[in-house]
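When the chains are written out, they are named A, B and C in that same order, and each has its own residue count from 1.
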Amino acid sequence: MLELRLVQGSLLKKVLESIKDLVNYANFDCSATGFSLQVMDSSHVALVALLLRSEGFDHYRCDRNISMGVNLNIMAKMLKCAGNDDDDIMTLKADDGSDTVTFMFERDQHMIADFEMKLMDIDSQHVGIPEVDYHAVVRMPSSKFARICKDFSSIGDTGIVISVTNEGVRFSTRGDFGTLNLQPEEATIIEMNEPVSLKFALRYMNSFTKATPLSSTVTLSLFSGLPVVVEYKIAEMGYIRFYLAPKIEEVDDEAKP
Amino acid sequence: MLELRLVQGSLLKKVLESIKDLVNYANFDCSATGFSLQVMDSSHVALVALLLRSEGFDHYRCDRNISMGVNLNIMAKMLKCAGNDDDDIMTLKADDGSDTVTFMFERDQHMIADFEMKLMDIDSQHVGIPEVDYHAVVRMPSSKFARICKDFSSIGDTGIVISVTNEGVRFSTRGDFGTLNLQPEEATIIEMNEPVSLKFALRYMNSFTKATPLSSTVTLSLFSGLPVVVEYKIAEMGYIRFYLAPKIEEVDDEAKP
Amino acid sequence: MLELRLVQGSLLKKVLESIKDLVNYANFDCSATGFSLQVMDSSHVALVALLLRSEGFDHYRCDRNISMGVNLNIMAKMLKCAGNDDDDIMTLKADDGSDTVTFMFERDQHMIADFEMKLMDIDSQHVGIPEVDYHAVVRMPSSKFARICKDFSSIGDTGIVISVTNEGVRFSTRGDFGTLNLQPEEATIIEMNEPVSLKFALRYMNSFTKATPLSSTVTLSLFSGLPVVVEYKIAEMGYIRFYLAPKIEEVDDEAKP
């Protein structure tokens, strides 16, 4: 039997909103440790990893490990209808062996919504993520990062170069029209072991920024030649992390730090 | 000669906005009693009934009964351009036998807009609406009802089940994905003679909610097997009512109260 | 060498937003007098004239006249990304003979963005604009004028008649549906030598109103049979003016004052 209770009931809604455009189907894994998900996006370019630790829930009972396969798009729509207010309390229940999961929403001790969602069998495999001592780690307001990704997309190039040097953090995009560099004041270098400059697909970065409502800050962890980690911390519960491999062939000399 | 004056000039604009997507052409009927309209929607599924009583107008002169056929879409656009402010005073004038009607808008004793609209010959027939002692009457904030209809549409099913029992009011929608139930705290049962559960086409319900700006509350009157009445009261003047027949074949056992 | 500095760095962004939909490519002309542009729209119906006087800049150095051909759409996008805040300071630099121009943006003495844009060779010819003693000059809030043009477009006719008489200013549109007249209280006649009534293409008027963020008022200068001048003053710097020829064949008697 699985029974989870979350006073901040809109949290799961925000999580779903942040991944539903990237991934269609996924398994949520519940264990004594917590509620988690790890899944590649449908084109196998990006990886999403979610962790909501059991201690962060107001009630958490998970008698045995269970993997719940869901259509993320439908789950997002249901949660949007049912759990809209920040102060709604959500309870999730699944009986052992059942092929459905039930969500209930209360407000001021009054049941206001519930839905029963069918579960699916979904193939999945976990990817081992090695621990890395990143070349550079940058923290900045999540809204500012979202804004840069959106603005760069409007210009027309498909890539964003993120560079960290002793002089700071710089975001660049270039094309036939010229080159644009942004050096946001609000970005802080948390750690820099080596200067680093990597280019990423803007389309994915833009998708990751859908997690902006989950956290006021975002952390970008960079290592030459390895995937960037775009992390949004979820207060007192865990995190959602997006991994994206760099476009290594396209970083040219001029864009390097 | 017809001459009506309405200090709250934006009222007619709101009325038109609420029906123009449902009905293309209609006759406004003016008599000593008031300004009214009764018309089936273009697919003959829903009925709209409007009444603005003569006492509610600041000046009301109607020498003889007159029926004014209009293109509601064009009338809505004209009113939107001319009568945008809540404190504009509207005057409507039509001479006997004229094929046009004139609308004038003043603000602070200054003429700010006028338009002359051509009238049309439109066939219409009044439907007798029997008085019914409804099984249940529910009142709720009109914005909440609008929200539920909109959210349910996003989920993908085409129907909304409205159920009233001793335990309260419940809105449900279901599909391949599962079942969603909402029990809005804000809904009050005004009257319940019998439990009732009826299913309606969401498309029409969504259209009716365009009347939300006319009233902060909406009343739903339900009787098994008969059309629901979705009523928005218009303060001190009358009402706009929408009638919609239930989808009787599709209410199944699970959705019943 | 060209070097311009503008404390109100978002000004150029607003200028570009106001013309980029009307014109694709244009030459900015820099001389000791100022930074200017004169260009016909792509269908050769409207003319745009911009002047930013050198005195209005916080620093202005222009060693010799230079004409900078740009893709306005790309320049608009770059400025939108880089120079979003009203209190960003913009510096524009071009070396003699260079085929690029550089824009830099600072905030609180911190470089926050820069971009290098390629210049293009663009054919252009200046049109002599005769000085005219206009029949009537009208001033009104730019937002109100924008609203009227937008509302009239929604009604469906393609034209807007602007009439000035002793009784005031009137905007009209007409079609099969009837006639709509607006007499905005907020419009002031600055000068009237003769009554005048002219009809213009709404599509262009709507496009001109993209300059609304540049000035709280707009001035319309009318002369029978000649192009109207729609002018937005740019505080302490100059103006942007749009010229549009009237649709002379279509002004009929009823619409005349």
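Here is the rule we use: a residue touches a chain if its C-beta (ideal position, glycine included) is under 8 Å from a C-beta of that chain, and two chains touch if they have at least 3 such contacts.
All values derive from a computational prediction rather than experimental measurement.
Visitor: To test your reading of the model: what rotation angle superimposes subunit B on subunit C by C-alpha positions, in degrees to the nearest 5?
Guide: 120
Visitor: Check the residue numbers that subunit A and subunit C use where they touch, and answer same if over half are used by both copies, otherwise different.
Guide: Different: when the shared numbers are divided by all numbers used, the fraction is under half.
Visitor: Could you give the separation in Å between the centres of subunit A and subunit C, each centre being the mean of its C-alpha atoms?
Guide: Centre-to-centre distance between subunit A and subunit C: 44 Å.
Visitor: Please list all residues of subunit A that touch 2 or more other chains.
Guide: none
Visitor: In the complex of these two chains, what residues of subunit C are touching subunit B?
Guide: 148, 151-152, 154-156, 176-185
Visitor: Can you name the residues of subunit A that touch subunit B in the complex?
Guide: Of all residues in subunit A, those touching subunit B are 71, 74, 77-78, 80-82, 100, 107-108, 110-118.
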